[in-house]
């Protein structure tokens, strides 16, 4: 072959391979840990469908976090889980001063002030019907009322000390509404908005709904979450949220949508790009490794490297505790920034 | 929000969602079935690590294919599996006139002439050391000798009647060598070259090596397969193969590399793009569904839709028989071209 | 020739040709049927200049639709036809609660709720002068009054249950006006706007004006429909409508403007692109086939494939009933998604 | 609407519309007339399937041309038509010194030296089987032999005085072969190559095969003419021919492939782009006008304007005599360069 | 040389050269005639510095135009010339109902309604200081006051019947102000804005200032006209005016700025591009021809062809009467659309 | 206007205007002086049609150069002028060891070794017929013989000490031939090739042919110089010469082709771009200034700034002596790099 068609020489040892893979390294700050917070008193309760993941009461959380910070944890993403009795048709408890998320924010900001707190903002865990917004009588989404409610929820978290509010509801116009509300309250300089801008109506969410007790009681979310095949709407949603002032963008789920991480990052290179490795991905990789299909550590290294290669700056993953531990071991042993 | 920031109206029913997902539909001709062909007499032998997948002798294959064609199968990808006794250090049996792949091509072209036959071209199933090329004494790849050998292998398949030869070895310059050899033999108008142009050194290949009995006896393939994080080399390899005359391109593995399907398709929009859902992906999805993480049919619909959305024209998958059956049922039932 | 200049091998059998033609397949959901709805009692009245096309009363329409749905029809585009007595200089009947289009929407949404209903929005069928807008005394277009009127017409259709309103009038600023009106009425999440953004002042519209009884009484439409040779205005009109919130775009006529389908789709890849095969195209193909110039089914397959290749996601065609029938036959017979 | 969304003012009178349509004007030199030349003695013989088109003997041609030149004709495209007795399996008469095309070239260059003579180069009118190349025994194309033969044919025309040779056969590598042969013969500075680079396997060719008596006796041309839906192969074929030295490019058929005129012209802006309005387009427009669907002159003005707008510099059309007459009348009457 | 490096064959005769020069043809509608209109009673007064150019009173203009229309004139650009007594420091006479430009518009629209009337909009001919805007006390431009004044001037012309208003002043924001004012007055659908977007502070304007009696009394225009070497500001000015709603763009002067015609047309392909061959260019070509350096007709053909090649759709030139006469002669003589 | 539409602030003083005009500065090394060298004994002979330009004998040249070097001259472009007796049909004296150009090179390299010597390479000054190449019997160009001859001419200059050979003949393939010949002679490391790649068949060359006594005796140069309107051939010629190894590119003439300077420089940004202000431009500017149309120094400043703005790195101009003097004065006076 012509000399300029020879490529092997470019990746014939580990150093060359690292140079060729620049900007796909994994560091502790590339990972965010999602946490399910309850008002339960029973402490830590395992989520059956997600082996290795639990829900925590505030005191249990206070006990759980120190070793994670010791391993390098820099940020958490909080989800509230409340009993049925707290739920109503408009999700009013989402804004309550005593909600588990508000309490968790206050505890963390007191005890572990260095930890960056991101709060998921959505109604589905607080409505009896399990939809992400308030509904019209005919069961369709009332977008205006929904945006007002989740804006109030975001403000409640912001006032409690959250660093980042992250609307996951996919209502039209909620990023702009939150930015304006934060500005009115004088919080716009302290609290940023991470938009779940590109969130698909996926079958990979099953185990999460078990964890968060948030499955819809009827219907589905296909009128606000994106159709699986639509890259056009994905780009338009990201563009819309950027125009409304989003500080960061997210693509969700993760691995099955790496193409959109790539093209959305290319379209909006100036915003940090988040990727959410969702519950179904977590469980699938767990069961694959358990069945001997692959080695868990090697496969996670490949999967996370791929997310970084696709353009993700930050990875939200339930595997974060294990990853932090492995990264720490690597540094102790050999100074390697690779998993 | 400003009226032009409202997106929900664009996907509020099934027809609108299909319009938004245009060109991600799944048809029978979007799928290729990989087949492991043996010279065994025992007929069909299940591959333990890939539940539902078997190796076939030629007669068993002849019995297996009719129902698949009946369901709409249009193309197969052949891999040969031979006993240790057939292997040597240079993989000479890869070019043998009586190799199982050559025999399978002849049988298929005689009995099922409408079926497009793609043949994987590589030495790893024919060498005692299990590497994809011939080696220098120091164990490193002898690129020139390797290219000569796999070009001979490709010619043997082309002469036997293969429609497409598909080099998976990642040696430098093999696409150009094959195109020239085909031209010399007067086969350049009938036989095309599908390049495994973007093939990574992945941990998702484990079960395949069991199926094809082709695991390397020592070392690994990181000096010819691409580093996991390198999109630069991936693009350069595709560009190189296009310049050497490749008729079609492939990205492998599939889902964990959707970002590269997107960016390579954007860079080379004029060539059909193939994606290989590899053995580890197959098994992982199988075990995830078996454990109740998700419904297999729904998750495959999402995964394959995502591959099409990312830019893949053709999907190579061990799930092809099930997909063809589902597509047929859909048409029979409701006229829907979606899975 | 150099080996990489050989192309024949890439399309030497049917499967290869399909891979090379990926994303030009024709499915039922790629087609929309335009329907002329009257308040006549006489049922179905053939349109002389468009052999095979009729105008329908509401009851006749109710009888006509079931077999089409059975063949896979997913969407219709409604045009109203009213007697001269209903017309005035400002087209006020266009917004009437008892207009044939409003009645047709209600009937369809009651009897055939799965059918997506698109309504053409324009005044030309309701004005005595046959122009698409209200006029100043000097006969020139009164853009402000026209936009107000067609916005009211769009709202009437939206309230009656239309899924999509499609302004075809080419007035300046009507997309933005409609999106705002829909938002004010709380319909912005359910009703989308398909803009006839790129509509030329064509000689291919003749038979339609016969069908819709909407020919201008004096003058022509060259001051609001686009000049035939102007790709610049075409692009600027599309960009303007996207900025005003259009959910989908259309190029009209179809085949003679495929260059603009291509370049407008390239400029706005994230919106579904519609193409309207207009009455003159319909009649021309009919007469060509009748005279033996070509076979109708083959030529339609070529013409529609070309529209998809040029970038159209949805095709509005009077041939839709025949195409659906052919697609159904193909699937029954051979599983082929091609016409 | 915002003031910058107003477009009507940009095209409110005829002069403004012309400025908006700049570079789509039609001039005599934008048109080429295809001519069927026979060795018949009977003079002019009408082609039944193409009303208004005839085949000409050399003397009849000599009588026909003067009035066309008087109307502004600048270029013709010659096709030879020979009786069955002249045909054989390899099309050897295509290169004959006494073939009607060679004789026609000599007559024109003697009598009408200002006329630019383009010669179609292909075997299908000279082979008994009617295919565009020589065949292997199994009926497939022998590309090497075919390229040699049509290169000889091109040379015969070049030596007789042709200005442009135009290979329409779609064999791989024939443009390069012709440029090299012309260079060897010292004709490379005088004779240019117009490549039918983007020629589809269309159903619009029917009447032509009647005119040229060149229908294939068996099989079809789908292995060398392009698949209808493939813009990828179209672009690769154009790129290949440019790399081999083509002086001009063609897309064929015309109106149904305007999207490719646009995208190929954009990709190769530095070569004159030809478009061939083929026999089926000619007949379809004729029958449409005859049936009253539209006015022929208006519709041709729209169709040809569209071809220029799409990027065509030169239009090959059987309507050329009528167009030249109309252009002349316009200039005599009103100075207008529009049809 | 390699055969594909041979170019001579592509332009070896006149027809081929025209095909290679497609879209640079010159038509009557590509030319606009600038006219200086006075309130003088003396009729036609030659401009000494521009041999062959005169100033006209309204009656003289009425006598002058018929023969030009007979030769194909489609558009004029009007400049007013008033005596010192009409001037003041703010150019208030620019908006006067009885100004020569207003009277000329009314006369033309009455007597020659087919003629498209463009009006130069600027204050320099109406201010005692000769600057293009109103001034602050320190002699610097008062941009706000200036924009208000020239917007009023543009409205006066629009109300009098002008088709196009063309601000040449280079004040910031005047295009947007004019579009809004036209919209408020209901004239936005009839009157378009041609922006002198890219106007340099050139030494080629000398003779014009003599003709229009508009030389600045002190200082120069380098604070609002562009620096000679700045393509950056040129592009930013064009982008700004497009964003404010300009219907057409101009580059001025012409030949010395062809590079910017090319790059601005490439950046804004969707708007008609005007070029102004200014007074100094006119006079220089006149004196060059007079001195025997070149033949005037040949050199103008080359210069105007170059302007079209560079991307100009419309050429404003004092040579327009001669060009129209030559174009007419060419058509009468030989059917040639070239000068 | 919106704040980001305000541009005046960016160029409100001289320093800002310079920043906006970066890279258009004029330095001595941006200018090359063309010189006509004779074997005459009469010394300096004025060229009548180019006031201020003379032809020089070698001794006269030796006297003329010192003051120019003193003013900053860095490079000259040599043209030979010989009496009719030296001319023949093949231009054989072009390669003669005693030709005035060879003698001038040797004199300069001896006396003024710091001066970079560029030699025009063409036959037109040495052939009796005045064409730039050798001819076939029918008067057409013999490209092969011509390339051989001018390659010999280039070698003669290179061996005599020329730094740059500059073929101006527009024969196909001459750049490649010269590079190969220089390589064979071991001169390829010392002598570079400046291609007159983009040279049009212009009417601006008149006075030069007087100066060089090289007007064609019959016919014209339109078969090798480019058609005035063809930007396509211009780009293809530049691309061809770059592929053949040209070290630098030229566009000729200058001001009337600034659009091509821009687009060719954009296409080939990595080669120095030369522009030739030809004799007709020189004379036209001279007569314009003489007639009082503009001030010569100001207008040259504008014209040369424009050439630099368009992308020219080096300007070949007969005004070089005056420019160098002015630049020197500026530096002496005020340190300004502007003319």
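Just so it is clear, A, B, C, D, E and F label the chains in written order, and each chain counts residues from 1 on its own.
Assume a contact is a pair of C-beta atoms (placed from the backbone, for glycine too) under 8 Å apart; a residue touches a chain by one contact, two chains touch by 3 or more.
Treat the numbers as computed from the prediction; the structure is a model and nothing was measured.
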For this session: Starting at chain E, figure out the least number of steps needed to reach chain F through touching chains.
Result: 1
Problem set entry | Interface copy of E-F among B-C, A-B or D-E, judged by whether over half of the contact pairs recur | A-B
For this session: Between chain A and chain C, two touching copies, which fits better, same or different residues at the interface, with half of the numbers shared as the threshold?
Result: different
Seminar exercise, completed: Matching the CA atoms of chain B with those of chain C requires turning by an angle in degrees, to the nearest 5, of 180
Problem set entry | Chain centre separation (chain C, chain F; CA means) in Å | 60
Exercise. Centre to centre, by mean C-alpha position, how many angstrom separate chain A and chain F?
Worked result: 65
Exercise. If you average the Cα atoms of chain C and of chain E to get two centres, how far apart are those centres in Å?
Worked result: 42
Seminar exercise, completed: Expected list for chain C, residues touching two or more other chains, is 2, 5-6, 8, 10, 12, 20, 22, 141, 143, 172, 176, 188-190, 223, 231-233, 236, 243-244, 272
Exercise. Tell me, which pairs of chains are in touch?
Worked result: A-B, A-C, B-C, B-D, C-D, C-E, D-E, D-F, E-F
Seminar exercise, completed: chain D partner, complex, touching residues on chain B are 186, 188-190, 269-272
Problem set entry | Sites on chain E touched by chain F in the complex | 1-2, 5-8, 10-12, 17, 20-22, 24, 49, 141, 143, 147, 172-173, 176-177, 202-204, 206-207, 222-224, 226-233, 236-237, 240, 243-244, 255-263, 280, 283-285, 287-288, 290-295, 298-299, 301-303, 305-306, 308-311
Seminar exercise, completed: Interface with chain C, chain B side, in the complex: residues 2-6, 8-10, 12-16, 18-20, 22-23, 25, 27-30, 71-72, 74-75, 114, 116, 163-164, 176, 179-180, 182-183, 188-193, 243-245, 247-248, 272, 313-314, 328, 331, 335, 337
Seminar exercise, completed: chain A contacts chain C in the complex at 140-141, 143-144, 172, 223, 231-233, 235-236
